[in-house]
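Two complexes are shown next, each including chain A; its partner changes from chain B in the first to chain C in the second.
The block that comes next holds the complex of A and B.
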């Protein structure tokens, strides 16, 4: 009975998130347009300029658009994670957060359900993106499309947990612009999403180290290897640990007696 | 750091007995069967020989495993390479030694030399496997060599800077292309004289006959085109230009050309454009451009024509193209300046 209770709560949260995603067609389209613009415009422009050496998991020469595809998948999940955090702030402003939080289930469970819901949505977006990329001749081996699922789950959870953590700091919707400037852009540009690490090393060692230790880079590499049927254990451990750290911090952040909520005056 | 996925299974205790039986009785047989299959598959796999211009060596590659097996030192500046029709000998033009070395395809030992004339680069073997036709670029000659006698049969005066040369599968023609004269010269191998010349686009580079010997495909390095010639009329019936998205025209320098045995598709190496053009041999449309290593030079099919191998001069590797899926599956580092490639079944 108690398990059923948990299940109903989790399903309710996931269903609400999916429903919100499906009904908000603009959100679905904009979530797809962003990486597609990068793929069709940005990558096409750099196609000739960047000669890529062979680095694992690739076994031969690749076009730039093939290289940035895992990075754009990461981008989808990063934005989705932030979008979920935005919706948390919105929920708090609207008061629906209060209803959720008074639910007689552990807070961590509710947050985890929220996280899973957001990750589920991002995985849907990623597969639609991969399908479009397939027709644009960016094709991974078919097994890769299966292996990438667990990788997407972990990277989605990690980026979502980061979003949750940030949302515990943000009081008003207006502050979201700060998240864009100080979190999303630096994370995305200082990563292996757009350029390989060795290329970065050529220009700046500092940038190389920042990118190397950026958890977003590790999530992108996890996805990149999985898409080609390979397991990058270093990226896996790094992403997993980052998830635990962000999630723990978010749970503390959402604890009314200890976290940021007290300072902000509650939900 | 780099591993493949491993799936694990947990078995209950009720399964342990049949599992133990399986492990002791069935598994060794299965392992033996798999190993012997692997051995047979390995025995059937072809071997690639790649000449390394700067290393004065021959790279031996297992293309199925995608691995360089070993590198063997040979003469100076090896370039053109062909294998005898019986697959027993390799002939390698060692340009700075002014000779063609005969190498045993099994032991990889140099077993003889052929008098090629000065600075041999490109040469062709006839279908019977008894004659070699060598381009001598500096002397504007084609040297005809009798392999068994190891003697020059004749030297034929051709246009300035002869480069590409090929013999038709039906043994009726040997065609030499001279880069500066912009001509292909049709040589009758019975008389070893030029019968006819055809004017082609500037700097004709490489030539290839279709399996039925009815068409000759010629690449022009400077015009960036492929010309298809009718063997009966010896006239150009089609000129195919190349245009690679995102690559400037000056980088498109067609070199090596091969056509599959069914005349379904032809493949042209585009040099510094780092692409292999795939051409429909029926409609003469360019179907696609496949990205390979830098300055792709020469091409060779696997014996079953399921794969195509390319030598990439400046990226020091070869690329392996799967022809069923029309995808480049792997690039394998081989050594400095890979030039020519020969395949032994």
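The block that comes next holds the complex of A and C.
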């Protein structure tokens, strides 16, 4: 009976998030426009400027658009993870987060459900993006579209947990703009999303190391390999460990006994 | 464990950093009792609500809901609690029904039971016909009614309302005040209603006056008037809070 309660609550949270996303057309479109602009404009312009050697998982020379696609998938999930936490800051300010927090289930479970819901939304966005990219001749092997699903789940959870952690520290919406500048952009640009590691090493060793240890890079590599039917164990372990660390810290952050909640004016 | 009280608050203190928000607060509410928590702004009402709903941690003192300690048996205690927060906590882009279904899911109700309970509560508040409308389309009074219906879906034993009538017109305000008072009697519900509006108090109500984090008075309306030797609640409040506005 208790298990059924957990199941119903989790499904309720996921359903609410998906429904809100689907009905908020502007959010749906803007979530797609961002990576598509990068793909159609930025990547097309950069194609000539950047030469790419053959590196795994690719077995042949590829266009820059093909290289950048997993990075843009990561970008969708990164923005979505941050947007979910933005909505949590908003929810907390507006009070609807309170309704979730006073329901008779453990807080870690509620946060995990919220995280799964956000990840579900990001996966939906990614598949729509991949469908559009397919018509733009960026086509992975068909199995890749299946293999990428578990990779997306893990990367989405990791990036969502990071957003959750940040939201536990943020008291007001206004502070979130800073997080966008100090978290999203550095994470995205200091990663393998736009350029391969070896290319970065040529210009700066420091940048190379930063990008290498950036969890976002590992998530992008996990997605990149999965999309071509390959399993990158290093990226998997790194992303998984990052998820556990972020999630644990977020749960502590939201725990009324230990975290930031009592320090804040609002819950 | 105190089995008779629906809500028990014992020796409760709370500070934000070095600033004391609540100091040695003690009271209990029995089933069927409507208790009005009266206090000026900054008296500690919202802090008290945040502690009862476990949004804040109880460090000094104890809170029990139907005998369950909020800190030790959090989920059992929270299952007994229905809350209407001061700010609206409905999702504006969802319909009334979707909002309520979300709540029943969080409380683990099955579809059949949820449908039945939603119909019962909405009908009691004359809102069943509006169930398919988006919350955004409802006026303030109707939104409040939906929130009250939602707080009652899982049949709680204790209902907390944090200034639920703020910003409502007089007829909406009166109908909500009347409805909640009837609920307390008919459903044997223990109600804790934070307010700063004296006309929301009924003669049979219990009254807790909170000021600067301390309970200044606790008893029936008559008892409070007697202790303060005043003819009206307004005067009593004035005496107890040394002239502060409610």
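The rule is simple: the second predicted complex is superposed on the first by the 266 of 267 C-alpha atoms of A that agree within 3 Å, B and C clash if a C-alpha of one lies under 4 Å from a C-alpha of the other, contacts with A are read in each partner's own complex, and residues count from 1 in each chain.
Keep in mind that, in the parts below, a contact is a pair of C-beta atoms (placed from the backbone, for glycine too) under 8 Å apart; a residue touches a chain by one contact, two chains touch by 3 or more.
Keep in mind it's a predicted model, so treat the numbers as computed, not measured.
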Partner chain in contact with A:120 - chain B first, chain C second, else both or neither: neither
A:8 touches, of chain B and chain C: first, second, both or neither? second
First (chain B), second (chain C), both or neither touched by A:196: neither
Residue contacts with chain A in the superposition, chain B compared against chain C: C
Partner chain in contact with A:106 - chain B first, chain C second, else both or neither: second
Touching partner for A:59 - first (chain B), second (chain C), both, neither: first
Contact residues of chain A, present in both the chain B and the chain C interface: none
Chain A - residues contacting chain C, complex: 4-6, 8-9, 11-13, 15-16, 19-20, 23-24, 94-96, 98-106, 256-257, 261-263, 265, 267
Parts of chain B lying in touch with chain A, wherever the complex brings them together: 1-5, 66, 245-247, 274, 291-294, 315, 319-320, 327-331
Residue numbers on chain A that touch chain B, as the complex places them: 44, 47-48, 51, 54, 56-57, 59-63, 139, 147, 225, 229-234
Partner chain A, residues of chain C touching it in the complex: 16-17, 50, 53-57, 74-79, 81, 83, 85-91, 93-94, 98, 101-110
